[in-house]
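By written order: A, B, C and D. Residues from 1 in each chain.
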């Protein structure tokens, strides 16, 4: 029988290894899998390459992982957050590398990786410094930049409902990068607000089919980043 | 003739937003950047149905929620709490940028650090070595959306012109800006020049030119302004 | 106010012009927009380039459009259907051109076209005659073929429910190519089993957001291709 | 030693399907082609949960519907009526082939016109000028799915070998086949040879080799067969 359920975030992230590439879902606080990230902090893996649109807020979640010195390189589009200095401080100190990618190119590179597309052409960034050193090509008289698909060892994402087969639905704009990240990782690990019986989610509305998911763990009382920030929490 | 040293008052931020809103046709799909562009939504005339897209995965974005009704799962690209209108839809980031890159968004309104006289836009980086660069979705938007409006103060806080011959800051896109809305004027980027199509009340052409590094022209018949 | 509703299939397809490229949704009979195709037959446009996975069945729908000599070229993956000889007969007689594309490459080319991607690389067809004359390239030691995005003047698709903004949901495997076709056409025309009030479709379950749709027409009693075939119907 | 002229009876179509089904591990995601592969679904041991994908946009395909329960909107890639199991999901064609091309489907079982001794597969075209070529999703499946099983009669109806030194029909994919299940034997494609790992009851190696153009080897210890 297929049962992708894990008993705890700690169990779910236990095999993430030093140097792994990890896709982390969420856009700002929406959809951020805080409990999985905190479990990864506890677990100890280091020299990680982390892919997320941002770099976290305050001293919790992704910002805490960075603050603990566990991330060697960030691949993201917007590594700044109002009121957060964790990433900028590390970056200015030369303690973390940054690959800056336009947001749509980042999403498309992840989708391409998950879809078996090694490279594609995009008009985004043509003529800018983010295209420097990249191959360009003219199609129908317009210039495009070649970008590569992006795959990863792990994805850590959050959803609202899951079943034991790994079928997922999300909540509002907390969906963001998670469906494409689920496609692009060798091992996709999901924290779900709730795990429901197989068949409880209408086949027409499943956003991420179970084929893209490896582990699900129920986190019924997930913390909200905004509440943690307001309370001034630092993890661990 | 205006006196170069005398500061005249032009449009307020809300006026700039209203000028833009009036140029957005009924039925448009619009993406709004952060800053003055955010004010545009509230200025759309009541008889027009305009649908707002936010690149983090929502079409049909509504106004900010009432206090106490904020939903952490419902934010816009600026990470502010928003609401939805009837007919809204959610989708993932790759689909959202397929809308942008594929030319399905009609109009995008962005802020600017600099705009060149050929429509180059710089709005993501000062290029200084001690800053953390952050680009977000700006490069995707200017590459994919047909009509790019810029909403900006005419000069920086310390009086430097933002409409320049050539951008000195790192570019967001080359030749992408269609129309510029400042506190002093509405200016089209045409094949020949930056063409002033409208002046703020009490502001004259020379006053605007003095605060503009790029060379401006005046539209032939400013009374018969065509919308973009 | 935005109102994409048309009063009839005839009105919806009125401006399809000679030589237009038309994406037609459906996989076999599932999701085939028969009423829109029949309206197009009545309308008279010819020299069409039609993109569909197949070439229709019997003498109705897409097969009838082909039989009437209105299609100059088909772009498809499987131009054969049990019991249908319309396309093969025209093809053997040299009266219609065929661009044969692997099914996944066809779907991806259409999605790319709709997503502003002019070209991408795929492992599909490497080393086969369908890759002949195409550019290939090695990424990470594996060979890939370059394929181009596919866009069109019109798309004709079918859905189960729509609203006046063009938001769509589909029925089961009748979804197939329609969501990506809606993205890739300048003008996307939809026949819907029903048109519902704006807000009646849950924002979380909309498959095709209205931004991809230009016209919707209610066809509440859509014909089933299988029933037409069983009855031996020929259109017109 | 078998007599080349004497026709021995091997496995029936259902036996071939059962041989394949027994090699599909619990928890696999499987895509089945048309013909003998379709019979595999019914042969999966009851204690294994195997999920079937059909490339026209369904994961969790169930058995054919009861008569009168056919739904024209619910078909498989062979355009036959099917059902769904609990936990099924629908998706569009680009997402479906992202599953295939992206390596998310574990096993695909396909028919064959020819298989070469290096695992090339030809199953989409006889290459004759008077036929209408049709490829469907076969090239995508062999390019994207890690484990390709072939289910086929050992020879054509007129006795021509299907396991050949080099395919003469147009290829579907190069070096893609992992294991071949025929009415006479189960044969692995290895780096060195086509290796017979199991013979049908009453069939000996020589009998199979006589009906095979490619050179076969016999696995060293056929009693201890490892599953693919």
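Here is the rule we go by: contacts are C-beta pairs under 8 Å (C-beta built on N, C-alpha and C of every residue); 3 or more make two chains touch, one makes a residue touch a chain.
These numbers were taken from a predicted model, which means no experiment stands behind them.
Comparing the chain pairs C-D and A-D, the larger number of C-beta pairs in contact belongs to C-D.
Distance between chain centres (mean CA atoms), subunit C to subunit D: 30 Å.
If each chain is reduced to the centroid of its CA atoms, subunit A and subunit D end up 37 Å from each other. Once the centre of each chain is set as its mean CA position, subunit B and subunit D turn out to be 57 Å apart.
Residue positions 108, 111, 115-117, 122-123, 170-172, 203-204 of subunit C are each in touch with at least two other chains.
Across the assembly, subunit B contributes 90-91, 94, 97-98, 100-101, 143-144 as residues in contact with two or more other chains. Every pair of chains in contact is given here: A-B, A-C, A-D, B-C, C-D.
Residues 1-2, 111, 113-117, 163, 165, 167, 183-184, 198-199, 203-204, 206, 209-212 of subunit C are the ones that touch subunit B when the two sit in their complex.
Contacts from subunit D toward subunit A in the complex involve residues 26-27, 29, 49, 51, 53, 59-60, 84, 86-91, 94, 97-105, 143-144. Only residues 54-58, 71-76, 79, 90-94, 96-98, 100-101, 130, 132-140, 143-144, 170-174 of subunit D touch subunit C when the two sit together in their complex.
Residues 27-31, 53, 77-82, 87-88, 91-92, 98, 100-108, 110-111, 122-130, 170-180, 207, 224-226 of subunit A are the ones that touch subunit B when the two sit in their complex.
Residue ranges on subunit C touching subunit A, taken from their complex, read 108, 112, 115-123, 137, 139-140, 142, 144, 148, 169-172, 202-205.
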